[in-house]
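Here it is, the structure in full.
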Amino acid sequence: MKRIIGMMMVALCLFCAAAVPASAEEAPGQAPPAVSQPAVPGPAAAPAPAVPVTQKTLDDLKSSLQVGIDTAWVLFTAFLVFFMNLGFAMVESGLCRAKNTVNILAKNFIVFAIASVSFWFIGWGLMFGNGSPFMGLEGLFFAGGADNSPAVGEAYKGVYAAINWTGVPLWAKFFFQLVFAGTAATIVSGAVAERIKFHAFIIFSFILVGIMYPITGHWIWGGGFLASIGMFDFAGSTVVHSVGGWAALAGVLLLGSRTGKYRADGSVNPIFGHSMSLVTLGGLVLWFGWFGFNPGSTMGVGDGSAIAHIAVTTNTAAAMAILSSTLVSWLIQKKPDLSMIVNGALAGLVAITAPCAFVSVGSSAIIGLIAGVLVVLAVLMFDKLRIDDPVGALSVHLVNGIFGTLAVGLFAQDKITGTATGNGLLFGGGFKLLAAQAAGVVSVGVFTFVVALLVWYLVKAFMGLRVSTEEEITGLDLGEHGTKAYPDFQGFLTK
Amino acid sequence: MKRIIGMMMVALCLFCAAAVPASAEEAPGQAPPAVSQPAVPGPAAAPAPAVPVTQKTLDDLKSSLQVGIDTAWVLFTAFLVFFMNLGFAMVESGLCRAKNTVNILAKNFIVFAIASVSFWFIGWGLMFGNGSPFMGLEGLFFAGGADNSPAVGEAYKGVYAAINWTGVPLWAKFFFQLVFAGTAATIVSGAVAERIKFHAFIIFSFILVGIMYPITGHWIWGGGFLASIGMFDFAGSTVVHSVGGWAALAGVLLLGSRTGKYRADGSVNPIFGHSMSLVTLGGLVLWFGWFGFNPGSTMGVGDGSAIAHIAVTTNTAAAMAILSSTLVSWLIQKKPDLSMIVNGALAGLVAITAPCAFVSVGSSAIIGLIAGVLVVLAVLMFDKLRIDDPVGALSVHLVNGIFGTLAVGLFAQDKITGTATGNGLLFGGGFKLLAAQAAGVVSVGVFTFVVALLVWYLVKAFMGLRVSTEEEITGLDLGEHGTKAYPDFQGFLTK
Amino acid sequence: MKRIIGMMMVALCLFCAAAVPASAEEAPGQAPPAVSQPAVPGPAAAPAPAVPVTQKTLDDLKSSLQVGIDTAWVLFTAFLVFFMNLGFAMVESGLCRAKNTVNILAKNFIVFAIASVSFWFIGWGLMFGNGSPFMGLEGLFFAGGADNSPAVGEAYKGVYAAINWTGVPLWAKFFFQLVFAGTAATIVSGAVAERIKFHAFIIFSFILVGIMYPITGHWIWGGGFLASIGMFDFAGSTVVHSVGGWAALAGVLLLGSRTGKYRADGSVNPIFGHSMSLVTLGGLVLWFGWFGFNPGSTMGVGDGSAIAHIAVTTNTAAAMAILSSTLVSWLIQKKPDLSMIVNGALAGLVAITAPCAFVSVGSSAIIGLIAGVLVVLAVLMFDKLRIDDPVGALSVHLVNGIFGTLAVGLFAQDKITGTATGNGLLFGGGFKLLAAQAAGVVSVGVFTFVVALLVWYLVKAFMGLRVSTEEEITGLDLGEHGTKAYPDFQGFLTK
């Protein structure tokens, strides 16, 4: 343990040493206006001479206002996505047992810190740096490459050209992408809960956010080969959610199921979560945060119709998925199961993430309807396969991440809000778009699953992956953290 | 049960079939600009020739920027209002017993899904469609009528003329109004808690949001007869809160009180909530969300002074109501009661919702002060009347919804932030405004209460309203959902 | 008790009497445009004649749009800071025992109401009114002085000149500053928890927010003597956090430690919090709210690069502080302690609050790294000194508030985002800036600590400060409020 901590300490110090000079690259060639002395004249400003203004002046004005507005929008929605960390923490801890709560909360709290450091260190550069169709190669470290954002399009000069379509400053782009990267890591947390060693999860998260996520992200959002073949993933059903899901699946397979979950006779011993209040709280926080995730992915408010459309498709899919998951759960389990209702909402949200900007509101309803059915069936299926996922992360993020990506190929209509995607299969576009989407699903899935398996394997070999059975029974709170989540309440440790 | 589920399944499929073609109506005659290729030139764009620009060009520029800004504001505040669902869920579950928690959370989670579907299906059209003074008649289904938003005023061409004063796209208007409609349904949830059947609540919510709420909403916000006589309800003390309150009162009367609440000797057996942490959490989330509810109802940032004024009146009323409810509770109950403090805040917020844009900050303080007193007295009164409202929803939303609406007639000052309301009684305007407000209170109250009574009655007749006494004693979590909220914690089921 | 309540009642009535006329001062000389009839022409408006426009017209347009955008930004970020009240409430109640939960929640809920009233009554005027270098003297009451905001700079005419650099309406400035003032009072709450009388805390909070906080705030943000000597505190490491910390320290010293915390033999008896779920929830809400606290302190979006930069420095410091506090806690306590991880995040956020706009992202990482170490050592140190701070508020807000303020003098680089601060010691600026920062730390610290000691002493003398030992052992929930937080769960009252 001490050795690992020592290594991490050294790594941290190296970061910092490297980071300080990076500050010199900030705002290249720009003298930012004084924060405390805005140049905006007040209503009663001294009258200016009546000189006619030119189109150039007007364009400059629009540009200067637009940068401010777009930056505010990008940051506001990024904050909402950041807030999803709370949602994940609450859903996961609520769906697990009281004796593992501290461990789960600690994982969820530290994972965004890990993501913040590793995405800054290397992830951003690998994902958005100019380079090959397979990864970024320029401006790799500390988001420190040349960049004259908020310049856009032809006017952009720098090494992060793939994201030059949004007219916001570099750090706004970075922060928005960071909160997405953080989401991928939190997805893993839920699936491996209640049995993974604390530091094993930390190491894996660092590699996932720093290396794996940015590489496949580059393929789609960084101008890589999947972008080239016409694959579309508006806000990340594949880039974020299925990547998190594949990484989680690899971990679950290597970890094995929780002690006592599957009986020798093949039957399933349900393990109930310790607080449905936390689960519901988390579910609503995630839904709230998704209004940053999807509408925010416009990365600007230049097209108000687009962001309003996306807000409505996002919400409609969630609502319909809740209804269908409730009904299916009611039919199969005889009573409406709250955890299925909450996971239904999340399934609908994951499924609409890729197509939200490319499909009609009516189509979003159908996508949500299907997602809600899929998630209930998937939960049952994974239990049949004895793949133990305490929170249903695979059913929500992997299964519906795949479905949502394919749904673009089925339901897209050319020019719903902006980008011309071509029509999907159900709107007369044939299999072209669907094939590109499927290629994306398969290539990202194979890469992430294989690499994740390898990384998990190495972590297992070098420091161990799973806590002892004794610790698992006592609870990871005592074992990993030497404490309890609810010390004033008695009698839950024996379970 | 199966029959109901089957019916709902069929209804869902019909929605979807109808919904897909609706997509063709989107953005009529508009080719939205590409999301991923914004037309905004960067700071270093190629120089344009120095041609003088005209007023027309300038107006177009302003318009294009304003639409983006206003849309961002409307969506941002709508997200805050959406987040109030979490507040309601936490306040209600916290104020009820642990054994009914899952049921309460499930109701609160699904109710916004129900609202999303029914308001999209028919509610929006009934509320904002052009039609008679009593309801909308055009563009009824799926928000699918002709509409050239964000055009405003004279330039607007479409069937939703009553809301043509805000320059945002149709879906932004729809989404903002949807989150308000959802609020009305969640209000009902609290009053009928701990004894209503899950599906009875779902059916009622669907009808409330799809039919009842939009009709009375049309009278005030949809250009109906109450708008014509000069009644003002800025953000919905009547449109949202008292409507929810009246619908809840009808339900409570038909349901009866919880078993054991009122003893045979006439005394009250207080039933305590199971988690004051959740109550406080919910209260603060609601206060936070109200900053979307009230300031957001400007539906644009064209008048910065107005939204800042509204934020301050909203907050001041809440603060003063907390102080007065704390003091009154301290005096009457001898100790400051936390549930009264939280309900005090909500009472102040409900009361200031109608007048927030029409009264001074000083007046908002007095309105809050009165609201805080009213809510404590109302809670005691309803208990005297043996009307059992587990969370105080009637005292908060009905009593203070009425008071807030009348407060416009008392405290309004002409042109505080925009709309000329005329002066209220206390500012020399006589009884004219107060009379219009009272007419609104009475007509909305009578309609909603009578129709709600009828709907509740039909639900009761056809599928039953109340769970069995046995189930009520065991808890609705086991009865309705077959599960427990806190399975790791023992010993609370016997209460 | 009755006498106090009576006095408060009278005070409330006086407020209101004074408040009503204050409304006449609103929006001096302005006829705000109608909220419901925006002047913005729609895309299809009637064509305007092709008259060339002048620079004056253009400036007016920019100004009018900028006011709306900036107001939306200021309010949005203010709402996030308001939301921090939830974070503080959850962290504090979670880190304390179940038997004191209602009391802690009630304190945290009412404290913002108190702050809202006292800052409106007198605090705003003392802080931002024109006056001496030591306090505001004009426009003292009810934010009622002359003011033509959103006019800025030379065009500004009014008595709140120190905050004339931001082009937003007066009430937007007021509300933004109010939520900051409220934060200072909530900091105190945590340190004095589990033993202070409810009304003693209320009285102190009123004086802190109404008198003490605004006076020292005037020195730095109100154009006072610390501003004059070139001290910089961008978002309030000193103005807000260390002021709250000094006031708390004075209270803790007069209150003494909780019964049973320190044993006679000098050893420490750790008292565990009752819910780590609430602690983590609160920590993430605070982190989320800090994105309002720091980026919002630009009070406008005129410089998009600045707000993006500030968002990233804020997040980076939090992330690095989490990593360093985790590691230090792991090394010292042998296991990673969740309460240290959460307090680590808060420590990093407090420390970066002053320098967030003045340092590079690399420097923010180092500042965070140090803050995370400091907070763990400080918690241990205060326990060594037998200064009993149940939630670590002193370690987070006082120690890191001081460190963050000094960090400006060490790490500042001239013109990172706007204001020219000059370089700090580590960037070749010598001791000049560091000396000014130290002067600020010392003068604010001495004043606040001495006055707070006096106020706490008077409260103690006139109404008592600490509950009886019997009440402390039974719990303040029963003693102060006559209720329990979790009545359905048994067995926690004996602890």
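As written, the chain order gives the labels A, B and C, with residue 1 at the start of each chain.
Rule of thumb we're sticking to: contacts are C-beta pairs under 8 Å (C-beta built on N, C-alpha and C of every residue); 3 or more make two chains touch, one makes a residue touch a chain.
On a predicted model such as this, the values are computed, not experimentally measured, just so you know.
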### Query
Between copies chain A and chain C, are the contact residues mostly the same numbers or mostly different, with half as the line?
different
### Size of the rotation, in steps of 5 degrees, that lays the CA trace of chain B over chain C
120
### Centroid spacing, where centroids are CA-atom means, of chain A and chain C in whole angstrom
31
### Summary
Multi-partner residues in chain A (2 or more other chains touched) are 52-53, 57-58, 61, 65, 69, 72, 76, 150, 275, 281, 486, 489, 491
### Query
Where on chain A does chain B make contact in their complex?
52-63, 65-66, 69, 72-73, 76, 80, 97-99, 148, 150-157, 165-167, 272-277, 279-281, 283-285, 287-288, 291, 295, 298, 300-309, 311-312, 315-316, 318-320, 322-324, 326-327, 330-331, 333-338, 341-342, 345, 357, 359-363, 365-366, 369, 413, 415-420, 486, 489, 491-492, 495
### Task
Under the touch definition given earlier, write down the residues of chain B that touch chain A in their complex.
1-2, 5, 8-9, 12, 15-16, 18-24, 26-27, 30-53, 57-58, 61, 65, 67-72, 74-76, 78-79, 82-83, 85-86, 89-90, 93, 101-102, 105-106, 108-110, 112-114, 116-117, 120, 142-143, 150, 168-172, 174-175, 178, 198, 275, 278, 281, 480-491
